[in-house]
Each structure stands twice: as C-alpha cells, then as structure tokens.
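By written order: A, B and C. Residues from 1 in each chain.
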Amino acid sequence: MTEPLFTIPLWADLLGVGLGGVQGAMFASGFQGQRRLDLLGVAIIGILIGMGGGLIRDLMLGLPPATLQSNWYLLTATGAAIIGMLLAGLLNRANGVIVGLDAIVIGMFGAFGTSKAIGLGVPPVPAVFIGVCAAVGGSILRDVIMGLPVAIMHVGSLYAVAAAAGSIVIVSAYALGLDLVIAGIVGIVVTAVIRVLAVIFDLSLPEQRRLYRRKVAAETGMIPIIKP
Amino acid sequence: MTEPLFTIPLWADLLGVGLGGVQGAMFASGFQGQRRLDLLGVAIIGILIGMGGGLIRDLMLGLPPATLQSNWYLLTATGAAIIGMLLAGLLNRANGVIVGLDAIVIGMFGAFGTSKAIGLGVPPVPAVFIGVCAAVGGSILRDVIMGLPVAIMHVGSLYAVAAAAGSIVIVSAYALGLDLVIAGIVGIVVTAVIRVLAVIFDLSLPEQRRLYRRKVAAETGMIPIIKP
Amino acid sequence: MTEPLFTIPLWADLLGVGLGGVQGAMFASGFQGQRRLDLLGVAIIGILIGMGGGLIRDLMLGLPPATLQSNWYLLTATGAAIIGMLLAGLLNRANGVIVGLDAIVIGMFGAFGTSKAIGLGVPPVPAVFIGVCAAVGGSILRDVIMGLPVAIMHVGSLYAVAAAAGSIVIVSAYALGLDLVIAGIVGIVVTAVIRVLAVIFDLSLPEQRRLYRRKVAAETGMIPIIKP
C-alpha cells in the first residue's frame, strides 16, 4: 500500500475519542432498573463509544486499528469516561449536553472515516459507507451490548442520514478539488447541524418514535434520554 | 501473499450481493409491531444481508473487504434492497420467493467463501468453516440488529448444515482434482437443494420450532415468515 | 512486519481452545426453556468460546486469524465441544467444573492476547486491552448470540478485572525484564485465582447480582449456573 494522501492528526483523533467517551459514559450513567450498569460497565460503554467507530473503520479498511497502536487512545477514552460519569452526576441527565456532544461525535467519526478511506484510494461510494459505519457503529455496539433495541434500526434513521450527508459532502468537495482537511471540517459541521436540527424539530416518524419510547420505557423503567 | 489460484468473477459476486439484498429487504419488510422498520431500516437489512457474508469472509481471511474496493457492491445492494421492498409490497409476503432466494443466497455465499479460502491456500477444515460463516453470518447480524432470537441457534441449524454440506463438497471435489469453478457450482446446488428440501419437508426439531414460533410471535405480533 | 519476539506454541494455543470448547459446551448444555439449544447449537457455542477470543485478538492486531491457518483449531474445538456435551450429561451441571475451567480459560486467553500483542511491539496499554478483549470476547459473543443479557455488563465486571490484573502483571513483568513465557504463566495464574476467589467469596455488587439472577431466571426458567 502506498503512502496515504492524508493522515488524521493525533490531536483530532484523540479529541473525537475523548468527546465520544464523555458522551458514552453520560448516556450509560442514565439507565435505571434492569439496564443499570455498575461503574465499570459505564466505563466500558464510554470506551466503546470513544473507540468503536475507529475500530470498525480500520477493520473495514483492512488496516490494524490505529486506536491500538498507541497508549493515548485508551488513556483518553478511559479518562473521558470518568469525566462523563462525574458530569452525569453533576448535571443530572443533561439532555442538551448529551445531544450536542453526540452530534459533534458522529460528525467527527463520520468525517474521519470518509477522509481516511479517500486518502487510501477507496472509491467514493464505499468511502461514504465507511464514514456512516464509523459514525454509527459505536452506538450499534452499545445497544447490542446493553441489550437495548438498536436505536438506528427503529427510530434513529436520521443518525445515518446525517452521517451520510456529511460524508457525501466530503466526497463531493474532494472530487471538486477542495482540500481534504477543509472538506472534512465542512462534513463535520453538516452532520452535526442536521443531527441537532433533527432533535430540535423532532424529525422522525411519530409512530415509530412512540413504539420505541414505549419499548425502552417498559424494559428500562425510564423514558429514553435522547429524543430519537 | 502470492497470487490467489482463483478469483470470484465480479458479476457472480454482484449477483450474490443483489439476490441477498432482495431477500433481506423482502424479509425485513414483513415485520409488524415492535420490530417494524422504516424504509431506511429495511434498506439497511437488505445491504447487510447482501454484503455481510462477504465482509465476514474477508475479515476471517485477513483481507481488506472486497465489497468495499469498488462502487458496484454498495450500488447493487442498495438497488436490490429497493427492488426487494417493492416486491414485498407487490407479492404480499411471498413466502416461496423468500425461501427460494434465501437458499440460493446461502449457497452462493458459502461457495464463494470456501472457494476464496481454498484459492488462498487455507487448509480444508477452516475453508469449510469460513464458507459456513460467510453463508450464515449475514443472517446472524440481521437477527442481532433487529433484536430477534438468532434463528440459527434455536431452529435454524439446518442452515448451517446445508452450508457445511455444500462447502465440504467443494473442498472434497477440489482435493480430487476437480476444477474449483465447477466444484463451486456443485456446492451452490447442494446447499440450495438441502435448504429447500428442509423447508418443504419441514425438517427441524418440532419442540424447538414450536418454542421459536411462540417466542417470535409474542415479540413481533406475527408468525415468522420463513418456516424454520 | 518484522519477526515477532514471541510465538504462542501450538500445543498451548490448542489447550486453550480445547478447554474453552469444553467449558462453552457445558455452559450451553445447561439451558432450558426458550434458550434451550439443540446439539448443533451447543457445539456452535463450544466452538465460539474455544475460538472467539483468538479471533478477536487477531482482528485487533490486524493479523489473519491464527485459528484459521491450520486444521487443528477447529478439530480441537469441535472435539472439545462434544466432550463438553458428554460431561454436562454425566456431571449434571457440575458448577464447580464449569467455574474452574472458565477461570483457567480466561486466564489463558488473556495471557495469550497480551503476550502476542507485546511480541508484536504493541504498547503496554493497548496490549492489556487486547488481552482483556481476548479473555472476555468469547463470552460476550456467546451472550449476544444466545440472547442472554451480556453478563460482563451487568454483573460480571470481575471477569474483566481479573483479566486486566493478569494482563497488567504480564506487561509489568516483561517491562522489568522477565521472560515473556514466565510472565505469561504468572499472568494466567493471577487471573484464574482472582476469578475463582471472586466466585468463592461471591464478590459482586449484591443489587446487580439480584437483578441479573431475576432477569435470567425470568427469561430462561432457570437460575444461572455460574454464580456471577
């Protein structure tokens, strides 16, 4: 394999891992009843959200996972998960913070996935697909391991749509000759804005949202934190 | 790694992806109640069934996934999923079509997995195992993501047996000097015929089938489409 | 990639696979009611527990899975699963044997994962992480595929803690100049002893243990075999 056209800088990668770890731990801290997790369980979910997207991305690219080539990723994810637990206690299920972090995190993971794929010469359609999988893969793993209905299949389609929109912007901008770093930043903004607007304007199919809420409420004894 | 002895032709690979996508979307369209999926959810399941087996196969072989090296796989899987949704609407849960497609798809995925493994010099026992995993892996991912009981663990053993029989035929025929392409075609036929006969003659343990049906019916509000 | 500093001997790897296969099949044989598995299902769980940890380890290291490079792994795992089924029938859910085997198996998988990572030049923090994932990954796959609550998330934290302790001992001993083989043996002992002591002294959060037992009992019609 030749030298990639583009390498994600370590600080940016760690920023994504850290924000993901905070968001994952805040989300996992909120569960009660049968889904309630102990401290280590919350930390595992934080690490999973922080590092899962990058792991899936690198497996799909056929590369050894970048997150396991240095000590920094795991230290960052673990530290971030601890911060997330403390914040969850302080802010008492701060819905807005979790949604905002989540929007930025899926934007970053999607943009990193797509950019890394393009940089390695992956064609545009699979590059978008890898970006979407990197963006939403961590949350699928989280739902499967916590025994929750996989949000993206039932109500969370706008997750995937937001991530796909950002990835398509990156691929298109790059094809038009834009610098990949600038294209990536634009992609992060596009994904995060679509995701936040979807939550603010409550964009999802009402019937499915109702089903999802009833299901999660029945199983966990609480209304889901993130408005789907 | 040296040049493989055998490469699956692109048209055959895309045919498997396309039939898998149609079958996956038809299957996913049939669910009601808590498992009901929106259009994007149905498309995701179609893509998963179309491409999941190949992804698992290449991860097990330590190769970058072939399905992500060209635009065609994702375009085929997505188009096939849309066709599957339309067909599901037209044919109103056409049981026979779904079962027939499923039999051909597991035959193709199993044969491609085993042939690719043999072509890369993998020994016969793991070559059969990779074929079985490629054949049934997509349906395991589907059940986990849809929150269904994993069919293959409870009643679908004949899935794995059918895939294993086809793979063993391929490995044996190749060891006896038969051309790998012809061996692969024979393997597809063996797997598909066993699978279809199992459905026609309703071959599975009655007690477990009853348990499975009751469980799926309780959770989804419908009797499972595919007779296990 | 340069020559690794250390290669796990085949006999040791196969011993881990075999003990894992016996333990997995004994565990899976014990389920009644909706989770009851047929013989092939029990064999699949045995193979999964025997080989899952090594597969996850090698995917994380970016290597083609060692368990699929030779016929011996699958033959050992399958034979071990058959022995496990016979033993489960003879010993009528021999709790102590299952717990003891489980402790040794997670010790071996953790030690092999960490040692192989160190031998390939992976830094210490991800080397510990890979060891923990190799140790507990098989049981996570088992729980997801059997539709059980993932034990490690709800009550089984001491699993991960035991595996992490053994892996940290290996990394530390190697950093202090100890031979990697001796360090690995010490790590196996540390993990296995912590795990067995945790079961004997019933070390886990009482509230969560109660929730887990009630949940599994409700879903499976039986009290979980392994005291969490």
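Criterion: a residue touches a chain if its C-beta (ideal position, glycine included) is under 8 Å from a C-beta of that chain, and two chains touch if they have at least 3 such contacts.
Quick caveat: nothing in here was measured; it's all calculated off a predicted structure.
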Do chain A and chain C face each other with the same patch, meaning over half of the contact numbers show up on both, or with different patches? different
For chain A placed onto chain B, the superposition rotation in degrees, Cα atoms, nearest 5: 120
Taking the mean of the CA coordinates per chain, how far is chain A from chain C in Å? 29
Which chain B residues sit where two or more other chains touch them? 59, 144
Residues on chain C engaged by chain B in the complex (per definition of touch): 33-34, 36-38, 40-41, 44-45, 55, 58-59, 63-65, 67-71, 73-75, 144-147
Interface with chain A, chain C side, in the complex: residues 59-62, 122-126, 129-130, 140, 144, 149-150, 152-154, 157, 160-161, 205, 208, 211, 215
